[in-house]
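I have placed the structure first, in the form of structure tokens, so that the comments after it can refer back to it.
Labels A, B, C and D are assigned to the chains in the order they are written; within every chain, residues are numbered from 1.
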Amino acid sequence: MTAQTKKPGGWGAPVPKGLSGRNILPRTHAPLRTFMVAMAVMTYLAAVAIGGMFMTWRAIQIWKSGVVAEATVQILPLSEPEQNSGKAQKLPATDMNTRVQQAVRFLEKRPEVKSLRVLTDRENRALLQPWLGDVSIMQDVPLPRLIAIRLNPERKIDIAALDRALRAAVPGARLDAHGRWVRALSHMASTVFWLGLGILAAIIIAAVVLVVHAARAALESNRETIEVLHLVGARDSFIARQVQRLFLRAGFLAGMLGVAAAWLTFALLALLAPAEGIREGAWQLLFGAPEKIAYHYGAWLIIVLTATTISLLSARTAAMRILAEMFAEP
Amino acid sequence: MITLENVGVRYGTGPEILRDVSFRLAKGEMAFLTGPSGAGKTTLLRLLYLALRPTRGLIRLFGEDVTAVSRARLPELRRRIGVVFQDFRLLDHLTTFENVALPLHVAGVRADEYRDNILELLEWVGLGDHVNAYPRVLSGGERQRAAIARAIVSKPHLLLADEPTGNVDPQLARRLLRLFVELNRLGTTVIIATHDASLIAATPGARVMTLHQGRLSITPAGEAA
Amino acid sequence: MTAQTKKPGGWGAPVPKGLSGRNILPRTHAPLRTFMVAMAVMTYLAAVAIGGMFMTWRAIQIWKSGVVAEATVQILPLSEPEQNSGKAQKLPATDMNTRVQQAVRFLEKRPEVKSLRVLTDRENRALLQPWLGDVSIMQDVPLPRLIAIRLNPERKIDIAALDRALRAAVPGARLDAHGRWVRALSHMASTVFWLGLGILAAIIIAAVVLVVHAARAALESNRETIEVLHLVGARDSFIARQVQRLFLRAGFLAGMLGVAAAWLTFALLALLAPAEGIREGAWQLLFGAPEKIAYHYGAWLIIVLTATTISLLSARTAAMRILAEMFAEP
Amino acid sequence: MITLENVGVRYGTGPEILRDVSFRLAKGEMAFLTGPSGAGKTTLLRLLYLALRPTRGLIRLFGEDVTAVSRARLPELRRRIGVVFQDFRLLDHLTTFENVALPLHVAGVRADEYRDNILELLEWVGLGDHVNAYPRVLSGGERQRAAIARAIVSKPHLLLADEPTGNVDPQLARRLLRLFVELNRLGTTVIIATHDASLIAATPGARVMTLHQGRLSITPAGEAA
């Protein structure tokens, strides 16, 4: 039946404290709770999605700096075009060495190149083995010389331009940056990234729709209270302040809760995820280098602030609409 | 203080609930509003506490044309009017004390200034034991008395009471009436909508306004039916 | 003030129809609307996430069938180990040819292999050119022979096992499936896939929390109605039926709305997305081959059914809890 | 029909609202329940319409021990009891007609069987013009009459009316009382909680039960105060 709640006071009760410093709108109310749950859930999802985006982003970065940064420069043996008939003519070793030195000097000056190393003849042959079999059988065949370089991962690198410059500077030199594979991977990574961004956008739009609606509904269920406040002489500003206080608190708490839950989710991932990459990524997300996680925590802070602002504004607008209906023109 | 001239009210496309209602009430007068159920008593009171605009006619309150008053001035006017609603309209999440304190709180009065005042008033209406109780656990009559206490706590210039004794026993009704009379003596204009003839009979100094089929007829003070 | 709504009837009104076939619980109610919005939003997110997962999945499949399916078999020139000192000894050409034939026969029988082609000597040299420079200079050097194969993309292929079998069957043969790159890509793809699955799981858990809560809140705001029904003699089963009918409708409508919105989102992506891959993926998701999109539409149907079931069950449970409180033991 | 023996009720840890209440009401009797506001009238009625279990004592209704009755049997008992709640408890989203039809509808009666019946009843209580109106647009007295119509529409064996005339004018109150008396004449046991002495005076055949400080005193039929 109707609430047979305990009468809080009544017989020999303490002296009542009055209303100062107390919120006049009810704090514990099913629709307000629904609003808070909705807000918490949506901030949770937004925080998880943003965290996931950061993780993907960092994974792509790391992967790029690991794989894309590797490239090989080949210095090919030159054949005299006019001597292309008949037996192969050995080119003088000095020529090849000169060109290798040229290439090294050229590369060392380029800002894109982080480090380089001329492979030894042994390494050279080991690299070619998959293609040529046991290269000991062609001890005398002139082989291209290879220079392994690491590119600077922080810079955006125009591989094609570097290749062109290299070819112009050193005859017979060419740059192999595993272009096809890198392109495939980059393409996939960016597809995934945009897809993720799309889902994030969907979450944020959905969150705003839901949360604005829930705030309105929560306030709608306080219509009676607002009417009574108005009827006993409260100014619109007073009522708006009450509403704002209530929803500031509710939105902030719910936002914090959602972000905290997201944080916990990533912490669990960092400890328990089956894939090592995800564990590592989640760990970096939460406890990585300060200058990097500043972005992550910053984004989460922005989520909480946005949540608070949205709840504040939507509740205030709803309150003002309700107030405007009172004693309006018929 | 209150002037109505040819006031008519119609809800939506329904028939006119009030037709050509005109009367004038001076400051400090006391009046009963009576008439059969559904005659429009609550509607008339809603006009006076500015919850409803008339379809036609003129209403002046405290010397102001009510239909022309701006929204921003409403709170100021409301603070001079106390209302006992027919359905009480207490806030369920506030205690009796807090409900009664509400008009003072929204007007910016500090708690220590009104506390004793309210406790005394609650004692008088017989709610001394229910100061910290929530409306949901009050009996019908107790709620009504809380509503009355809220209406008069700020000593309004105009008191509008809609069926304020429908849920209390006759002794208590007379006690509450004495409260209204006392307030009236201090200068408050009082209008009480009621079906209770004994209440009217007990107040010989009051005017009696009777609504019937949307029209108002007025018995001058002292000639109670 | 209180609703000054138009009186629906009253003067010369039509004959009332009674309550049969009419839901006794109010359909238009702020908390119920909040529930429906919450449900629609969460089914929308779930449907978008699942659609995104399908898109990623298909993208990975297509990519795999395009890139992973390519592999190369090398038949290396054999050197006699006992003759490893001194000059290289030419192996008889027939031997190389025999081994190529052996390899072709072996590969043709393997179900993993879709097609194969022995590269001509010219193609062979062209392939080696990046490594060896102008190969005309080493006309006489024995080169490995290459067989380009396409693997069967529909089958899960154990590259390592195939390589082992090949080496055992044909001396000097080896399979190069671009292992390192494929592993990097596979790793990334599966990381992304699991991350997506994680977000989907987060969405679904959040959805259940939110929606169950909103359903309860909506019913809580109908407590008065339920009490009155009980007091005028309605059986629990009658009330439960009313609640179920209301929430069946609400859950189903909201679920359909959410999935329809997701469908529209993908349709927009299919038409307007900036990346071609996403346009194509979204198109395939909605209008692809019937046997494939059956899964997509099936998943969305399951979402709607789950939404309906969750709303039904949570509302019913809440109703039963409210009913159980009536005239309970003190 | 109704037997109470040493019934006591206490809300939470508060004082006993009802103390050692014992009475017996035979089938077809009519009784008024009176007493000051907050005396426990509504509480006593809540015991009888099975919304509240007593803290102690025995209650028998229709020959059954109420404290031992199972939840599954509640609907059956309820259908034999009509209640006019002090706060009406109409469903806001149903029209007057639908509200009144509710007890019949939940009992499985078809609309064409009850329609004329209800329209006639609404006409009698003066709501003929408000058949399709929603409770929110009804006046206080109109709501009360709708609540009365709902309570009696199923011709219950026991009618419990809590302050059923608090919001209507005296003429209408007498008209409604006649409805209760008529129902009583047809065999319904009627208990009316009221503050209205004129109602009691107008029904000489009824018993009067008075609650005071939690104790019940009974004036035998015909000796109304």
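What we mean here is this: a residue touches a chain if its C-beta (ideal position, glycine included) is under 8 Å from a C-beta of that chain, and two chains touch if they have at least 3 such contacts.
A quick note: this is a predicted structure, and the numbers were derived from the prediction, not measured.
Participant: If you apply the touch rule, which chains end up adjacent to both subunit A and subunit D?
Facilitator: Per touch definition, common to subunit A and subunit D: B, C.
Participant: Of all the other chains, whose mean CA position lies farthest from subunit A?
Facilitator: In terms of C-alpha centroids, the chain at the greatest distance from subunit A is D.
Participant: Counting only Cα atoms for the centres, state how far subunit A is from subunit C in Å.
Facilitator: 21
Participant: Counting in whole Å, what is the centre-to-centre distance of subunit A and subunit B, each centre being its mean C-alpha position?
Facilitator: So the centroids are 62 Å from each other.
Participant: Distance-wise, how many Å sit between the C-alpha centres of subunit C and subunit D, to the nearest whole number?
Facilitator: 62
Participant: Could you grab the centroid distance between subunit B and subunit D? Build each centroid from C-alpha atoms only and quote it in angstrom.
Facilitator: Chain centroid spacing, subunit B to subunit D, equals 29 Å.
Participant: Can you list the subunit D residues in contact with two or more other chains?
Facilitator: 11, 51-52, 137
Participant: Find every residue in subunit A that makes contact with two or more other chains and list them.
Facilitator: Expected reply: 1-2, 4-5, 7, 10-11, 227, 326-327.
Participant: Give every residue of subunit B touching subunit A within the complex, in rising order.
Facilitator: Those residues of subunit B that touch subunit A are 49-53, 55, 71-72, 74-76, 78-79, 83, 89, 91-95, 97-98, 101-103, 105-107, 110-112, 114-115, 119, 129-134, 136-137, 150, 154.
Participant: Quick one: in the complex, what on subunit C touches subunit D?
Facilitator: 2-5, 7-11, 13-20, 22, 24, 26-29, 224-225, 227-236, 238, 324, 326-327, 329-330
Participant: Considering the complex alone, what residue numbers of subunit B touch subunit D?
Facilitator: 11, 34-38, 42, 86-87, 126, 137, 139-142, 144-145, 162-163, 166-173, 195, 197
Participant: Please output the residues of subunit C touching subunit A within their complex, sorted ascending.
Facilitator: Residue list for subunit C touching subunit A: 1-2, 30-31, 33-35, 37-38, 41, 44-45, 48-49, 52, 55-56, 59-60, 63, 67, 74, 76-79, 84, 88-89, 128, 130-134, 136-139, 141-144, 172, 174, 176, 178, 181, 184-185, 187-192, 194-196, 198-199, 202-203, 206-207, 209-210, 213-214, 216-217, 220-221, 227, 265, 269, 273-275, 277-278, 281, 326-327.
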